[in-house]
Amino acid sequence: MEDIEIDELADPELDDPVFIEGLPGVGHVGKLAAEYLLEEFDAELVRRVYADEFPPQVNIDEDGVAELTCAEFHAVDVDGTDLLVLTGDHQAQSNEGHYHLTDVFLDVAEEFGATRAFALGGVPTGELIEEYTVLGAVTEASLADDLEEAGVEFREDEPAGGIVGVSGLVLGLGGRRGFEAACLMGETSGYLVDPKSARAVLEVLEAVVGFEVDYAGLEERAEEMEEVVGKIQEMQNQQQGMPTGDDLRYIG
Amino acid sequence: MEDIEIDELADPELDDPVFIEGLPGVGHVGKLAAEYLLEEFDAELVRRVYADEFPPQVNIDEDGVAELTCAEFHAVDVDGTDLLVLTGDHQAQSNEGHYHLTDVFLDVAEEFGATRAFALGGVPTGELIEEYTVLGAVTEASLADDLEEAGVEFREDEPAGGIVGVSGLVLGLGGRRGFEAACLMGETSGYLVDPKSARAVLEVLEAVVGFEVDYAGLEERAEEMEEVVGKIQEMQNQQQGMPTGDDLRYIG
Amino acid sequence: MEDIEIDELADPELDDPVFIEGLPGVGHVGKLAAEYLLEEFDAELVRRVYADEFPPQVNIDEDGVAELTCAEFHAVDVDGTDLLVLTGDHQAQSNEGHYHLTDVFLDVAEEFGATRAFALGGVPTGELIEEYTVLGAVTEASLADDLEEAGVEFREDEPAGGIVGVSGLVLGLGGRRGFEAACLMGETSGYLVDPKSARAVLEVLEAVVGFEVDYAGLEERAEEMEEVVGKIQEMQNQQQGMPTGDDLRYIG
Amino acid sequence: MEDIEIDELADPELDDPVFIEGLPGVGHVGKLAAEYLLEEFDAELVRRVYADEFPPQVNIDEDGVAELTCAEFHAVDVDGTDLLVLTGDHQAQSNEGHYHLTDVFLDVAEEFGATRAFALGGVPTGELIEEYTVLGAVTEASLADDLEEAGVEFREDEPAGGIVGVSGLVLGLGGRRGFEAACLMGETSGYLVDPKSARAVLEVLEAVVGFEVDYAGLEERAEEMEEVVGKIQEMQNQQQGMPTGDDLRYIG
């Protein structure tokens, strides 16, 4: 396998598509939001991206079939607007990996004619919350106005330390390429998978992009995701105690 | 040394060989199973793979002779069927390393004409078990039938989080190359080296590939392996306390 | 983005400029000192350096605008002497990254005609201190005299273990390129951001380079920096408890 | 700087030199032994090896002059026999780095016509010891005889897990290049720097290579080394508590 391989599965003509990034991060907010869009609207798988920057692993589906770690692009029609939605189970596993993969993701977005992008994620509040605010960051100040109208808050010094990972680089590298991009971060109070936070983020997207989402299935979707995530954590704890072949060596 | 070097030690003609991957992992199940095949049947060493992706170390044999870390391919005749068995003491030490090395392993397998593969490993149960089940994963759904007939279980959401490392990539990368591959994971209850789990895995292999194994020596083999593994862990604990040259620096 | 990209924002003719390195390190001493020079004197942004060696993240300014991690070079006129001042929020994130980035920084310095350099940093004393001494290291023994006259102390075996990171490499790699370079390390007693230590370092620079600094604003500048730094630490602690998508996998 | 740079400082004709590797490791045994040879005999510095695989740091000598991390080769005349002695303060900092650097070290050894090598190191016993045994490993069984005559012990399964780092690779990679190499590991009971263990190793070298060492200064040399090593550890502990610029980021 080449360092990065892209499978081209379909090539629909998209009309000024909006690139939506929903890879995993804090609270799985962006992932849940993006995957919910794939459920609720007509979604066509257009690209699969494989990379040695991803963890070296396969996912097992319900038939026991193994699928190599990858990120997927779907073309999604939301009430007449085209979205190009990026989803996956993992981010890159190294600093350089984040840069290289995000560059590849932006290449794909450019290939489909996207000039606008939204990176979706979560912000930990560290405590239970009543109101689910969405914090924002943009590639240029003028983009903040529409977002503020949609209820997004731009707070000085938040998020402190900036935004790390693909969501940050979609803005950082995307901005340098001329994308108009925004990062929408739903406050989340610590649930493994937070549907209220994902909904707050989707409501902003609805307002600024111009479409409507039926949220009936979101809670259930979040529960499914939480079950998988919980199971994985459990297995991981079990595994900590078990020695594997690679930990056994003498340093001379 | 090149980044990856392959010593070609023999080039027998193999007839539709089945590639068996038995590198170390949880419970040393795959390693024990694969190395037991080398003991019980006629095995010819055909390839040694050295790589800077392996830990930078040498093994010492009983005569005090040092051998550079490598993975080995043996051609093994099991009651008339050819196997190409991969064994070794280590996996790759980095994410990219796993991808690159597994690609090289699959190159070798293809070179000998293999189109089918079994990756052998263990699954931790986190508790003592009575019945030693073998869980499975496959590159395509149709492969599951024969395996289920041989007693392999395909449980939804198990293993949770997928399969990491060379066993996963044999399916992930192998599948993309057209291999028909399966991962057989013997449940193991936490022994350093579990002969009952290795036996359960070998019994599946016997059934689907078509050969018979004499298990008389497996327990003893497991005990030898456990002794080495235990000693290594002991030395490692001793070593934790001893400072080595590289830990001493001032960060300015 | 190329592995390392340099934006050329201005190309003033500088007269025998002195290269000042003020990237973050212990106690943020060098960073505070260098950034204070940018505040107090006429500073012109000449270069921005982006690299996949930097953390994959963006900083958010007070308008919510994201800026990709980078290092900046400013040309600064200090009472008739030209300085070329390097500042930023991060160092490289890997060993090789430190070497490669410092090489690039020295390339830029050479491009502007610099032959002298000062790397600014801090030394932890591990206890509260009364007198703020500046320790020194140089590329050649003859450079120590002027520095000792300015009050810099050269103590045998301090800093023990040498100097790690860009400050050390400015001397190590710079020295091999023919730079006359010194590292000035202000003793610091453990404050997140220590203005007294930064001042001690700037006073040495004043003496040896020949300019005068007004310290009225330094305390305030330190407090601003400390607030940001403190907030970041707080958020980080919150985040430790929150699972992100990448920690969930089964090792087989 | 190129990834690896070698400064050629002298090119004496050496007669069938024996390559001695004494980089830091457990108990600093090899380092102390090798550096003591440089003190006791006529030693000429012939090569300096710089690499981005080394830690990115500089050492400070007693005049405050910074020296970029490197490894050094000295040609040493021991009672008529030529040795080519490799010393330094650090090993490579990554797996691939160990492979690449050891390859470079062996290149230099070959350049000077060496065909035999001794890698010197320590083995932790985990308890106080009375008798200072030297354990051995070799590239070929026939080399063990002379070593056993000199008192070296070849114990089955020791060191358990093999030998990691440059000492192991001198045998592993050196053996593949046709070197006759042995690793001599002095048992050490946990001192930071163990002169008794270093002496035991040197005594083996004396016997098999054919020269005599005056041990009068070894104890003192060990104490000097221990003082530096101790100071470094102390500073490191102080530093753990101090935040540096790079730890501050929000993961989104």
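All chains are identified by letter, namely A, B, C and D, in their written order; residue positions are counted from 1 within each chain.
Following the convention adopted for this analysis, contacts are C-beta pairs under 8 Å (C-beta built on N, C-alpha and C of every residue); 3 or more make two chains touch, one makes a residue touch a chain.
Please read all numbers here as calculations on a predicted model, not as lab measurements.
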Cα superposition of chain A on its sequence copy chain D - rotation in ° rounded to nearest 5: 180
Self-contact between copies chain B and chain D, residue sets same or different by half: different
Maximum centroid distance from chain D, chain identifier (CA atoms): A
Inter-chain centre distance, chain B versus chain C - centres from mean C-alpha coordinates, in Å: 48
Chain centre separation (chain A, chain C; CA means) in Å: 34
Residue numbers of chain A (touch at least two other chains): 25-26, 55, 57, 93, 159-165, 168, 183, 232, 235-236, 239, 244, 248-251
Chain A residues within the chain C interface of the complex: 23-28, 31, 55, 57, 89-93, 95-96, 98-100, 102-103, 124-126, 136-141, 144, 154, 156-166, 168-169, 171-173, 175-176, 183, 188, 190, 192, 229, 232-233, 235-236, 239, 244
Residue numbers on chain C that touch chain A, as the complex places them: 1, 3, 50, 52-60, 62-69, 93-94, 228, 231-232, 234-236, 238-239, 241-251
